[in-house]
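Sharing a structure with you now.
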Amino acid sequence: MAAGRDTGDVGEVEIEAGLRSDTARAIGFSDAVFAIVITLLVLDLRVPESAPGGMLHALLDQWPVYLAYVTSYLYVAVNWLNHKGTFHRVRCADRGLHWANLGVLFSVALLPFVTALVSRAVEKGDAFDERVAVAAYAVVGVVLSAAWLWLYHYLSRHRELLQAGVTSRFFEAERIRAALGVAAYAIAGGVGWWVSVPVALVVLLLLPLFYGLSSNGSYDLLRRLRHRR
Amino acid sequence: MAAGRDTGDVGEVEIEAGLRSDTARAIGFSDAVFAIVITLLVLDLRVPESAPGGMLHALLDQWPVYLAYVTSYLYVAVNWLNHKGTFHRVRCADRGLHWANLGVLFSVALLPFVTALVSRAVEKGDAFDERVAVAAYAVVGVVLSAAWLWLYHYLSRHRELLQAGVTSRFFEAERIRAALGVAAYAIAGGVGWWVSVPVALVVLLLLPLFYGLSSNGSYDLLRRLRHRR
Amino acid sequence: MAAGRDTGDVGEVEIEAGLRSDTARAIGFSDAVFAIVITLLVLDLRVPESAPGGMLHALLDQWPVYLAYVTSYLYVAVNWLNHKGTFHRVRCADRGLHWANLGVLFSVALLPFVTALVSRAVEKGDAFDERVAVAAYAVVGVVLSAAWLWLYHYLSRHRELLQAGVTSRFFEAERIRAALGVAAYAIAGGVGWWVSVPVALVVLLLLPLFYGLSSNGSYDLLRRLRHRR
Amino acid sequence: MAAGRDTGDVGEVEIEAGLRSDTARAIGFSDAVFAIVITLLVLDLRVPESAPGGMLHALLDQWPVYLAYVTSYLYVAVNWLNHKGTFHRVRCADRGLHWANLGVLFSVALLPFVTALVSRAVEKGDAFDERVAVAAYAVVGVVLSAAWLWLYHYLSRHRELLQAGVTSRFFEAERIRAALGVAAYAIAGGVGWWVSVPVALVVLLLLPLFYGLSSNGSYDLLRRLRHRR
């Protein structure tokens, strides 16, 4: 970059470049983290201990593990798609954006842990353990949605980081989706704690599906709105 | 991308770009998942518990683990080569292609689990456990082949996603190979369940070899056919 | 690279290129290592063994694990940001730089181990175990800071590896920060061993925060200094 | 690639491209595998089980684990540097090269397993276990060197895959180093089995060091030879 000019400003250019660099490394690093998290989930699919002849029974007994695996796989996949859609619109990154991104990755990396909590509670715990595990999963959902909210908010205020032709309105709209996520996971946790664990589990399973679909939906919606104008 | 034009269409261009982006991230993410899955397999190569002096015996006793490792390594390697050959022909990706790809990765990520099931059953289970484990491995083989079928079918219907000069005929041909995979793994599972576990294991070992070779074969075949025309 | 010239020097050019290549692979490899280390940390967030109904208590009991996780996540994140800031200024890499980089990665990879040591000691060990664990964590901090010192020193002496417009003064300044890190982690270890484990833990928690902030600070400082000139 | 020409040859061009593609994905995939293997090694650095107050003793007792970790880290690092030096000279890859590369990765992925074997045998096994573990490590060393031999041999015979200006002589020279590796690891294994485990361990520790240094040496040697001509 920056073919050596012979003015005293070169150092300045370089320092700028240090503060705001392209997003290639943030993307490569994030992709690796998402890939590891999505495959760490599979480590919870453990071969169950069983007496000879008891493998089928033991495998069927751990059905909550499979359901938790599918749910969390979907959740991580939707997060990756969101991440791709977001950074596709970003031209360069500064420290603030990096920290917001590291916040998202921090929260995503907690998913295998709370996923294991839920399947363990359903398999071996009592009703109280299930409430605890569902609440813990919901808390991570709230934290993750809040991290996205932070990221979107940051981008909506830093137009200078966006690709040419990308308006801050896109990230203002995404902010709403993230805020809805904070609310939805908080409600799911409350339902699990005070009302009904099975209902909360169904909500936690459906939320990633909803986000997967609504993501397409909001694209289309925005597109149609702009067509009309 | 898209140097800022001053028309109202810029936003539209950007939204399009969001719907159909280049495949770089899908490829980087998939490569990481394949790399993790292929090395997760090695985690099943555990140092066996043994009394002092008993390590050689214990190592030789777990021969099914080594065979399962080699088989699954080959299987993942062939899947990676397929993936490379496929995305080499893809110019850009939309949500549908991303979800099909995530379906392939989901199924590949299950291989270490069923590989561990098979080696555990052969090592410590009885005849019924072996039938269960072989059937489970075959089910994942069916699911994985079906995911490829979905991906190839999707690409054969979305020529606009392909590189210039790539015809949909390529993916129509690949669809046949994937459909054969669904059938072959279903048959292997059936043989393991109703007929003979050893025969099914040999088939499961040979299938990746066959796909590794037939993959080259279909390239050459297509090439020769086109030469003749 | 190097369009084929028809002189006998082409081979020479190629060998040069072998000795000093671009940094793309070093960056990709390092990003993968950082991503794995940062997610390996989460493997220590284990579902605690507990009797039915005892999950909440067991989860709260392992609070040192969560604190250790957050601390080490921050530490690895700061290291990644440092790494990005460093290699952003590097044009090409020779063997010496690769080995210095492998030294940094070697030390970073030790963080999950000593993190687990600390949380284990606080959870289940006695006062002596805690001193041992804190000292071990501090030793890895010293080794990691020393690896950075080596890397920065190497770069300050090999201007030919740097991007155009980057002066060796940048790496001379970073060298000071790394040397301070060696001292700070040595002091934290000494405090933990001879004075007070809780004080040492607080220092170990604050050090990454300080480095995260001072990193911005030193950028800004340098920038302002150059503005004035 | 290949802007759509309107002749019937386009399909042909594309099929060629499928058979011989650029090396970007092979490199990304290999970097991820190397990064995972080098960090999997750290998983063997386990927090030892110990009674309160016994952590220091337990940590010091597992010194063979640390030595094995350092040795294998060096070994993987040298392999990565070799891989980088090799693919730096490769312009495109065909199926044969991919399989040779997958053979190298297969062997590298076995290193954490045999490393754990050696440290386990030294820690808890008897003299016979040590001979078994050292022999197993040496066998993987032989297999890995043989995989490199295959890869170098393949490249020395397929000049069409090399970068412009790279002669096949480079890979003919590397072939010799790989063949020496086969011999050296076989001898180390033999020494460990029939003569002395400690001597074999020292040889296994020194071999990566020798390869790390000789790698530079052969570059320099080749360079000087070409200068003279």
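Each chain carries a letter (A, B, C and D) given by its place in the written order, and its residues are counted from 1.
Everything that follows uses one rule, which is that a contact is a pair of C-beta atoms (placed from the backbone, for glycine too) under 8 Å apart; a residue touches a chain by one contact, two chains touch by 3 or more.
Which chain is which protein? Per UniProt: A, B, C, D = TMEM175 family protein.
Computed from a predicted model, the values in this text were never measured in an experiment.
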item	value
Fraction-based call for chain D against chain B, same above half, different below	different
Centroid comparison with chain A (C-alpha atoms), farthest chain	D
Chain A-chain B separation of Cα centroids, rounded to whole Å	25
Distance between the centres, which are taken as Cα means, of chain C and chain B, whole angstrom	35
Residue numbers of chain C (touch at least two other chains)	28, 32, 36
Interfacial residue positions of chain B with respect to chain D in the complex	27-28, 31-32, 34-36, 38-39, 41-43, 45, 47, 50, 52-56, 59, 73, 77, 80-81, 84-85, 88-89, 163-167, 212, 215-216, 219, 222-223, 226-227, 229
Complex interface listing, chain A residues touching chain C	1-5, 8, 10-15, 17-19, 21, 25, 28-29, 32-33, 36-37, 40, 95, 98-99, 102, 105-106, 109-110, 112-113, 116-117, 120-121, 124-126, 128-129, 132-133, 136
